[in-house]
């Protein structure tokens, strides 16, 4: 029996470990370190209609137990991804989740429709953390109605299940989750990065050329765990959890919080072998906690008795 | 000349360093380590109308470069604070900022009115991160209208300037800041903790008895810097900055982001001498970056050219 | 109470994952009562961020050294276990109120009950009691033989019974089983160990003279953050409380709610 | 390209805050081109989290050792500077494409220009060029005398000019001043240093044969994260790009926008 296999909409995975979008390019670099077929799935870098250069550099900055990035969705564009990257990935026995981004609903529709038809793309991940230029820069990811509408439109055109990737920069993550669930999302993916900034003391200016950037890494793990815990108890669709995962123990914590699979982002930069290492370690950790199959852990921490609403400080 | 003196509404400070609320009790313990008169000010533990025991234990958990707490506003209550704690603190030459909390507007009014009349209380800090029981648990800190109303009511009864302490768990921190500024807040204090959670792998249950808790420490610094940077450019009232400050360099970063004074929280637990150490180090760091007076740094990082709205990932 | 970088004199694994660490520095001069603890920063890094509370196991004032015994389990203690001779460790201490020595006198019998990593503080306590002419009986409980330590050292001070949960050494079962079987009588009880053990002792011997040492997750370790509070037995729901770090960690039997 | 724990053979402060670190391990076998770099994790902790890119300064394949020279400045390099003999360092490498050796031949003159901590990779380059019979001229710029290093080592390989910004040693001014004053002619230029220096060289010698090595803040170091990209001179606003970590860090003169 495979103790790590999980089954999610569109995704029958040999294990629940996948590299997170933007942290693995299109797999080429990591294929030099190990066989990509080992992975549960691969979430590829955000794809937009046109090729994008992204933001000026510096694009990354370090923080305590975290990093900021402001890559700016650099990618070769829809056509190049479909013609060059996805066919190259097809040599591996691994389902692909295509991360879809854009600045307006039409962009998402265009990318989703076309990319979801590529055979090795088994699911889409809608990256709704970008500002919607048409509605004056309001973020798709922070207004439930806007996220609802986007999800609905994309669902209409997608040939594969759609996972919506939630932004943590919101007052009420449950409200966002419920909105996209109602719009027909097949699953959720959470969390994207927290918005942060660092200033260079020598220049007095932000370290990142883009000024602000997305915070990822172990620093954000407790926020991710909390949000997954809250959301998983309120929705009926599965969650791909992410945010600071560095080890097999972290994966277990995400499952207990309510995730049904996980993505590993920043950790790939620290250790290119982190995904296969976690996959190898997981059975041992399951043994330690006396669990047979990883899926038994989903939501183990849930509070079946009811909710508390205390002031935390 | 005192290179560290700063002047804020109600607060003429010999230096801009103060312990953050809840991380310094009422000063008694730290007075065994150094003379409290050395501090710019002291923000005392949240005071509520009645004595409170707070949440069950465990109340703290460790995270990467951070900690979670769910103390639950334990405090001896308004009368005991006024009769025992504040008179004791009056022996020191240090202004006190009283952190005011409650579960409904009336609680805040009662505490604010009475505590603001105590001679050594020079300002109030409204802790609006708690759920408002009367409006069904909605947080004062996440709905601009609710925060506006609370601030307005408290301003009416307070004999000293009022600083509103913003919660970072919101989609739009600028909107919150503008609301309380309009309500008459004399200053802002930011940020309070991010809501987070950790799960104990052995039990499968949250580490904290309260399940979720507030994340503080270096992990949250980039979020604090970003929010202060955004808010300081939009309001006309000063900001007391906090969130992960551990060193004099961190203080400089907060000033450059737009803070006019800072509070140090979690770091007191790591090093009880951290506040006086930072105060002693600051002049050296000012020398290194060639700055005469610390106030010259306020907002040095601001973007006078305009705003960017790029997607960070 | 001070903060100081102390020098590692020696570090040894004395049982499975159980380390004995000897540190040297001026701070030792302030260590008075058995049962006090130190709060350690294992690393300059922010991860792990918090200090770790560890009991003082033995004190050598002449050499300015003290001994602690701890289990390397989580992130912090694992890092600590890698410190080598002459490395420096950031120590805050001594903290808290320890076991009172003046509650027993020459010729009295003291029962010292320890469980697992609750055993270490009893060692310096026992030494001090013996010095006063107190007759000491030790009942020490461990998970199994592999994690047992200091049996001979305690034996040298007084009668010593060992219990292991799996029976791999000494009596099979808990410390309370030993006390029952041996029908041990005492003038004063001193105990340190896991909460269920303390609770069993508290239930059984409430009313008698005794002191127990508690563990709780800590923030500051000095009484400022309210992380480590517990209720009083006489006011189990009310606002009265004790802080384990600064009021304790040692409390009289029957005082705090377990 | 592999990841390995390598052993510290030696670490020395060779100028003010400038450290020379020699590491040993199998990974050295894969090091081929001068100008490649390694990506180091200075600590197992998550703070600092990211690896640090440092150039390979010298390689000793027989002893499986390589040398790097770095300035201890920020959090990561300061921690690195405290590593002692026999400590282990987590190294990912060798990464990137280095300086091409086949662009110059016996009897040709190569001008090697380095600025500050851009100097180290030129050392192994120079050794390899000299081995090929290439005539090398070094122009090395430093802030001031206190941070200068390896003057004699370069001198042993070929003519070496030093410039210091404050004139405390050698020519007062920049490397470009030296090149002008000495009217240095060359068949191929190799340069590594701060961006303004590279830009000055690129502006002046574009069209001639030459290679420059760039620095950029990095995430992965292997080409996956798009942190370290730069525009091409022929398409300064468009979507075409090079990654410093995997396409570079060495680029032909005139290729990338500085």
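Order of writing sets the labels: A, B, C and D. Residues in every chain begin at 1.
Note that contacts are C-beta pairs under 8 Å (C-beta built on N, C-alpha and C of every residue); 3 or more make two chains touch, one makes a residue touch a chain.
Note that the coordinates shown come from a computational prediction; the quantities given were computed from them, not determined experimentally.
Undergrad: Which chain pair racks up the highest number of C-beta contacts?
TA: That would be the chain pair A-B.
Undergrad: In whole angstrom, what separates the CA-based centres of subunit B and subunit D?
TA: 46
Undergrad: Where the centres are mean C-alpha positions, what is the separation of subunit A from subunit B, in Å?
TA: 32
Undergrad: When the centre of a chain is set as the mean of its C-alpha atoms, what distance in Å lies between subunit A and subunit D?
TA: That pair's centroid distance is 36 Å.
Undergrad: Find every residue in subunit D that makes contact with two or more other chains and list them.
TA: Within subunit D, residues 46-47 contact more than one other chain.
Undergrad: Residues touching two or more other chains, restricted to subunit A: which are they?
TA: Counting only residues that touch two or more other chains, subunit A contributes 22, 63-66, 69, 71, 217-219.
Undergrad: Using the definition of touching given at the top, classify the network of chains in this structure as line, ring, star, complete or other.
TA: complete
Undergrad: List the residues on subunit A that touch subunit C in their complex, please.
TA: The contact residues of subunit A facing subunit C are 64-65, 218.
Undergrad: Quick check on the complex: what are the subunit C residues that touch subunit B?
TA: Those residues of subunit C that touch subunit B are 1, 3, 41, 46-51, 75, 92, 216-231, 237-239, 241, 246.
Undergrad: What residues of subunit A sit close enough to touch subunit D in their complex?
TA: 22-25, 28-30, 32-33, 45, 50-54, 57-67, 69, 71, 74, 76-77, 217-219, 246, 266, 268-273
Undergrad: Going by the contact rule at the top, pick out the subunit C residues touching subunit A in the complex.
TA: Subunit C residues touching subunit A: 46-47.
Undergrad: Could you list, by residue number, the parts of subunit A that touch subunit B in their complex?
TA: 21-22, 46, 55, 63-66, 68-73, 101, 103, 127, 129-131, 137, 142-143, 169-172, 192-199, 201-202, 204-206, 210-215, 217-223, 225-226, 229, 244, 249, 252-253, 256-257, 285, 289, 297, 300-301, 303, 308-313
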